[in-house]
Amino acid sequence: MAVIVDVAIQGAQMLLVLLLSPLLTGFVRKIKARLVRRQGPPLLQPYRDLIRLMRKDVVLAQSASWLFRVVPYLVFATTWVALSLVPTFRTGLLFSWSADLIAIIALLGSARFFLALAGLDVGTSFGGIGSSREVMIASLAEPAMLMIVFMLALIAGSTQLSTMSAFMNSSEVGLRVSLGLGLIALIMVAIAENARIPVDNPATHLELTMVHEAMILEYSGRHLALIELSASLKLLLYVSLIACLFAPWGMGTTEAGPQALAIGALTYIGKLAVGGFLLAMFETAIAKMRVFRVPEFLGAALMLALLATLLRFVSRSF
Amino acid sequence: MQGLVFDIAHMLAGSLVLVSFMQLYQDRLSALLNMFALHALVLALSVAWQAYVQAAPHLYITALIALVFKAIVIPVVLHRIIVRLGIHREIENVVGVGLTMLAGIGLVALAMVVMLRVTPGADPLAREDLAFALSVVLIGLLMMVTRRNAVSQVIGFMSLENGLVLAATGAKGMPLVVEISVAFSILIAFIVIGIFLFRIRERFDTVDISALDRFRGERR
Amino acid sequence: MTLIIALNCIAGLLAVTVLAVVIGRASVAAQIVYGASLIGSLILLFAAIGHLLGAADPVSMTLPLGLPWLGTHFRIDTLSSFFLAVVDLGIAAASLYALGYGRHEQAPQRVLPFYPAFLAGMNLVVLADDAFTFLISWEFMSLSSWALVMAHHRVRENVHAGYVYLIMASFGTLTLLLAFGLLAGPDGDYTFAAIRAAHPSAGLVALVLILALIGAGSKAGLVPLHIWLPLAHPAAPSHVSALMSGVMTKVAVYGFVRIVFDLLGEPAWWWGIPVLTIGAASAVMGVLYALMERDLKRIFAYSTIENVGLIFVALGLALSFKAHGMPLAAALALTAGLLHVFNHSLFKSLLFFGAGAVLTATGERNIERLGGLIHRMPQTAFVMLIGCIAVSALPPFNGFVSEWLIFQAILLSPQLPSWGLKFLVPAVGALLALSAALAAACFVRAFGIAFLGRPRTPAAEQAREVDRFSLAAMFACAAFCLIVGVLPGLFIDTLAPVVRSLVGARMPVQIGVEWLSIVPVAESRSSYNGLLVFFFIFMSGSLAAFAIHRLASDKLRRAPAWDCGYPDASPATQYTASSFAQPIRRVFGTLVFRAREQVVMPKPGDPGPARMSVELRDLIWDMLYTPIAGAVMLTAERLNGLQFLSIRQYLSLVFAALVILLLVIASWP
Amino acid sequence: MIFNAVTAVLIIPITAAALLAMLPGYRIGARLNVLATLLTLLAALSLFYDRPQPGPYLLVDDLNVVFIVLTTFVGFTTSVFSASYIGHELESGRLKPSFLRFYHAMYQVLMFAMNLALVANNIGVMWVAIEIATLTTVLMVGIYRTHEALEAAWKYFILGSVGIALALFGTILVYMAALPVFGEGLDAMVWTVLITRAAAFDPALLNVAFVFLLLGYGTKVGLAPLHAWLPDAHAEGPTPISAVLSGLLLNVALYALLRFKMLLAVNPVAIAPGSLMVTMGLISVVFASFMLFRRRDIKRMFAYSSIEHMGIIVFAFGMGGPLANFAGLLHMTMHSLTKSAIFFAVGHIAQVKGTQRIADMGGLTETNPVLGWGLVLGVVAIAGLPPLGIFMSEFLVVTSTFAREPLLAIILVFGILLALAALFLRLNTICFGEPRGPVAKSDASYVPMFAHLALVFMAGIYMPPALVAWFQNVAKLLG
């Protein structure tokens, strides 16, 4: 019986995140538009875009290989699997033990790995630019992320997200210096990873400034749809991750009944809304930086995370 | 009697060292050859005296060989060679005479220090003889090092051998080595002169070894 | 019994060496030699696995060879059987590969005799049980691989590579020689049993540790002793490169583990520090070098340095834990290290096989002149992709598992009481994370430039898929990569007796864990299930594909590439490997390589091309080896004057020696 | 004098020398030369089984029988090599037939002198024998009559004579030291007698004596800085003589040194000869290794390598102790075999290429595979790489030293590594890369070369227990 419930909840989570993610993207766009006093696209526009793209024919470059066609599915699958392992409205998901936070990061790494390959596959200059910059950003963002994971794991005594989240929800965690440093670093990494301003601009197609968009320039139709969806999933993943680690309040536990689950789901939506709003605010308030300032930005994140970890290593009380 | 024996041996050995010094002082080849003849003469006297003292008649042969070959034959032959080569007037030291003499004195001192540290139980005569012999050897070597001319180097080598003979005769009752050493020193002298100087002159037109050095095999 | 079988196989390999000398030029020679090597290594492999799985007691044996009063001692215990398995699995794959690849060899008589000798050398090192046998096998291994590096000696670089290799190898052997000299003591107790029984003083042990680190590290390719590796590994024929990179470096690791974990006894608190530092430095430097490199095989060789660094980090952690009385954590770290040994041997062999296949197909190693091979060599490209994912430590392949375990071990280290380690370990962790991320970048670049895009040269355009044997070997390696990636528990359990014999504890039993997950310490702490991750990715990917194709569209049109509207002309406009690395070069290169870019623009109105040049300096060469070589050469030059003195001057030397010695005597007390 | 194995070792060569001096025709001469050395070798081998009692002049004991057998063996193989080598020299016009007669006779005289030095039970006779050996080699070195050869011979002669003079002085001093103990007469010069009561000798006199002997015989051993004659003599003489010089004559001088070292070791008050030998050895190793780098002449290079190895051997004997002594003996044996094998190879190579300049050779493994790989194998052996015998001895030297004298061992290892680097630097030029220089096939016999290498190879892997026991005995004798 319990197993069936668990399976159901896990399934619900997977579906929920799949459905929610375009909404979050749409929400952020909407807020951004509103903040600059534009009307902005409707909230559900991303869904429409996806459906429209799905239905279109794929126009494939002549020099594209099989890898190019497989990558969207792989990227989508890895991101989705990663996201379905992040506790959103309830901790202790059925399969949460199949991959801990390090593995989730690695799954995202795989997604990026494939995407970067796809950028090189057609053999155009823009694809190359995109891949090249993407891996440069990743080469700094990923260690920063891992350091944050280390720091958190040291506090929680685990790299298991459910355990970590539960621990962060408990009273044992007070305000800690390292947590603060880690949060800032995590936000910086999240911005970079999701190709947001100031690191990248998800809306631009100005050739020399784009990173993520350059990589996927050759994609069209359903492939593009999948990649857009994966991008949304990734954004959702990071927001959920920050929420479950730094704002774990209201999350249901393994013993929680339907009511608690409902509360969990509602608070989750609320957290997403807050997160999306803050992101939009931030993006509106800041300008995009030059590509070669990005390493400094991410380097700062890495240093912050390393500092946080060091503090944790040196003393338990930081 | 013992005192007199000792004194004479001592004097002869000492004068060998003195002649060695005189060799160092000479900077012309012909004079150097004369000094070498004197050197060999003193050696012969010393050996003869040892033969008398030790009652070892075979040492007289050694003395005779020293007298005939080293004091007479070799100087004469070398003299003729250098005259033929026209180098009898020249001799060029690498180091100045004064400095060489000074080095020689240092060497004698070193020889003394080294040899007189020998346990006092040893025969004093032999000990003194050894010290002088070592001095002669070292000065001979010094001469080889400080002279640029092949003939004077050969002379240096032969006075070194003289020192060896002095040491060997000073060692009481040393079997067969004296004869062998003398024979060898003469052999060496002959081979040096007969084969090498001959060849070298034939090929290089000079006995100056620095000419030889131009053919050091491997070029830089 | 295992040992006898193993020794017989090795003797067989040596016999094949002799045979190969005789028949080296015959056309069937390659088939015979590689076939025999394959059979021999398979037997050895099964013997080793049998011993390992049975967790059998050590078996020793003494042959009346080698040092006469000592004999040649051989012993197989769990550690050596594990490494024997690693070595022979690699050998089997390489021999299989060579059955096909070897046909393209232009100078078989320079490869065939040394190949089985090299194999025998590696096997012997692992089985040796006394210092003399160990070192003779070790150096024999170096020497035979040197001969293989020199196989294509007409290429100048190869001769240089062989030269540097031999010197560094001998340097390593000589340091190990010193280490064993200390261990054996002046009376020469060379057997490992005697060394284990001895209890040397702390200072001596410290010296041995450093010497072992230098000696084994130079063979394994630790920075800054790695310089030979990127030269020598690519110079050899590809199957040999695979063995050198995938297997021989592991033998070096074995040497280090054997000396430090087994022979030296209980570690002191600080032992981990040098090992961790050098390991982490190697990991980062290795991958940065790889990113700057354009030669496919050299990229892989530098990546070997990175991976060896990882292994040494794991070993350093294990040492630290062991020294502080934390056997469980030590077991975790050591298991991680050993598993990475196994994993690296798999995917690095695979990658070098792939490089060899590319070389055969195109005659090119420079990735700037490749491109688009995925169309012409689809199978090779597929397995190479797997290799690249595995080496980039991405799930669900094997590289990730061992790296994940290392991270888990790092997370246990705050419990270490020593302050030095408290500061060092997080930094090491950061460096590892950095190297992992950079490795992914590096292999995106390597695979992307070489296999994807459009062919940059006619050679790449006319490539053809390689033969069946080569493909079989590559697919086998790739399959292993996946199996270890999804079922790591099996392999971790197999390592348990090895780890227990070295640190006195083992990781928790994995085989009983639900769903075949792996749990390093406790499930609440961390767990990973490669099988499920693989299954989920596969399912959700296929589900998405199925759903979209069914419900939406499955139509496809081919058209010219879009490229933001630029009508594309030539493949030369593609991103190159150098331009791909440019952002990373800007970030790290200025510090690590003193990178300088120079752009010469034509005058306005001049239609001539703009030229850009990049200057990279290898600081380790510049600051360590060049000065040493310079000093040696300068001394040699100065002393060489002594060859050209006159006789008089030589006599002066004799004279001076005499006077000095007399003075010594005179002043002797 | 009774005819037995010992006297046979002396009489055969000297008789052969007389015969060879008279025989015209180099073919017969070469064959007779081989035959005589073979007979000498057989006589030497018989010493294993039947060893005559030591007399006042001749002695065969555990120590010198190693040397004798080694000398006669290498002498034999070199004569085989020489037979194929010297014919080519005649064809190429470097030698005249009359010189050949002289050459063969001198070869036998040299063998005689070396054997005499080894079997001598009398320090005077030993000195004389080494003197003869030096003189004969001087003549052989100068046999080509070129400027370089004459200069090398002259240099050898002068330096050798000074060395021999110093050695004589040392010999006299030893006699003086023994004089008070044994009284006047022959006894004070006989090894077997001296060694029995060396403890009672005047230690200060012994010290000075050892300095002179070390420098005197050390000159012959080729220790730096007394080595100057060695490279040139090796390079300019005929290659068989280079092989004999490196493989044997150096050993003979070393043997003399070892005898005296034993004498000093017995005396408790005398200085430890070890430290002097260790210093000289190390200087030689490091110096020769540096010198190897700039060599352009192939024979001169291997001559410097001989200096290096003599340094290692002297170092090992200087360190003393059963392991180091064993290693020293083994190293000496292995070096003799390997170095002569290398010179055999080098001789053929120089004939094929028509030059000794390394820069004019190249890619030898391509053009002359057997010769090229033979040289590679030889250099691998001489550089101390396994599985050849020198690895074993270097292993023993280094390991047994490091625990006792870490610093010294590190210097030694540094020297060994340098030498390896230098040797392979040149080997790469000679044997690998694009072929350079004439590519004529060599029709010479490679049997001696590979016979030596096979022995060295075997010793690296398996040493017969009898040989080992015997080496161990000797090592114990050496203290």
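Residue numbering begins at 1 within each chain, and the chains themselves are lettered A, B, C and D in the order written.
The criterion applied here is as follows: a residue touches a chain if its C-beta (ideal position, glycine included) is under 8 Å from a C-beta of that chain, and two chains touch if they have at least 3 such contacts.
What you see is a predicted model; the values in this text were computed from it and never measured.
Chemist: Between C-D and B-C, which chain pair shares more contacting C-beta pairs?
Modeler: C-D
Chemist: Measure off the straight-line distance from the CA centroid of chain C to the CA centroid of chain D, and report it in whole Å.
Modeler: Distance between chain centres, rounded to whole Å: 43 Å.
Chemist: On a C-alpha centroid basis, what's the spacing between chain A and chain D, in Å?
Modeler: Spacing between the chain centres: roughly 77 Å.
Chemist: Find the geometric centre of each of chain A and chain B from their Cα atoms only, then give the gap between the two centres in Å, rounded to an integer.
Modeler: That pair's centroid distance is 98 Å.
Chemist: Measure off the straight-line distance from the CA centroid of chain B to the CA centroid of chain C, and report it in whole Å.
Modeler: Centre-to-centre distance between chain B and chain C: 68 Å.
Chemist: Give the residues of chain B that touch two or more other chains, as numbers and ranges in rising order.
Modeler: 114, 117, 141, 144, 153, 212-213, 216, 218
Chemist: Multi-chain contacts in chain A: which residues touch at least two other chains?
Modeler: none
Chemist: Indicate the residues of chain C shared as contacts by at least two other chains.
Modeler: 640, 643, 647, 651, 654, 658, 662, 665
Chemist: So which chains end up touching which?
Modeler: By the stated definition, chains touch in these pairs: A-C, B-C, B-D, C-D.
Chemist: Tell me, which parts of chain C touch chain D in their complex?
Modeler: My answer: residues 64-69, 110, 131-132, 135-137, 139-140, 143, 150, 153-154, 156, 159, 162-163, 166-167, 170-171, 174, 177-178, 180-182, 184-188, 190, 207, 632-633, 635-637, 639-640, 642-643, 645, 647, 650-651, 653-654, 656-658, 661-662, 664-665, 668.
Chemist: Would you mind writing out the residues of chain B in touch with chain C in their complex?
Modeler: Residues 94, 107, 110-111, 113-114, 117, 138, 141-142, 144-145, 147-148, 153, 209-210, 212-213, 216, 218, 220 of chain B touch chain C in their complex.
Chemist: Would you pull the chain D residues touching chain B in the complex into a rising list?
Modeler: Spelled out, the residues of chain D in touch with chain B are 124, 127-128, 131, 135, 147-148, 150-154, 157-158, 161-162, 165-166, 168-169, 171-173, 175-176, 179-180, 183-186, 188-189, 202-205, 208, 232, 235-236, 295-297, 300.
Chemist: Given the complex with chain D, which residues does chain B contribute to the contact?
Modeler: Residues of chain B touching chain D: 114-115, 117-119, 121-123, 126, 130, 133-134, 137, 141, 144, 153, 157, 160-161, 163-164, 167-168, 171-177, 180-181, 184, 188, 191-192, 196, 199-200, 203, 212-213, 215-218.
Chemist: Looking at the complex, which residues from chain D come into contact with chain C?
Modeler: It comes out as residues 154-155, 158-159, 162-163, 166, 207-208, 211-212, 214-215, 219, 225-226, 228-229, 231, 271, 276, 287, 290-294, 321, 323, 363, 365-366, 380, 383, 385-387, 391-392, 394-396, 398-404, 406, 409-410, 413, 416-418, 420-422, 424-425, 428, 432-434, 460-463, 465, 468, 472.
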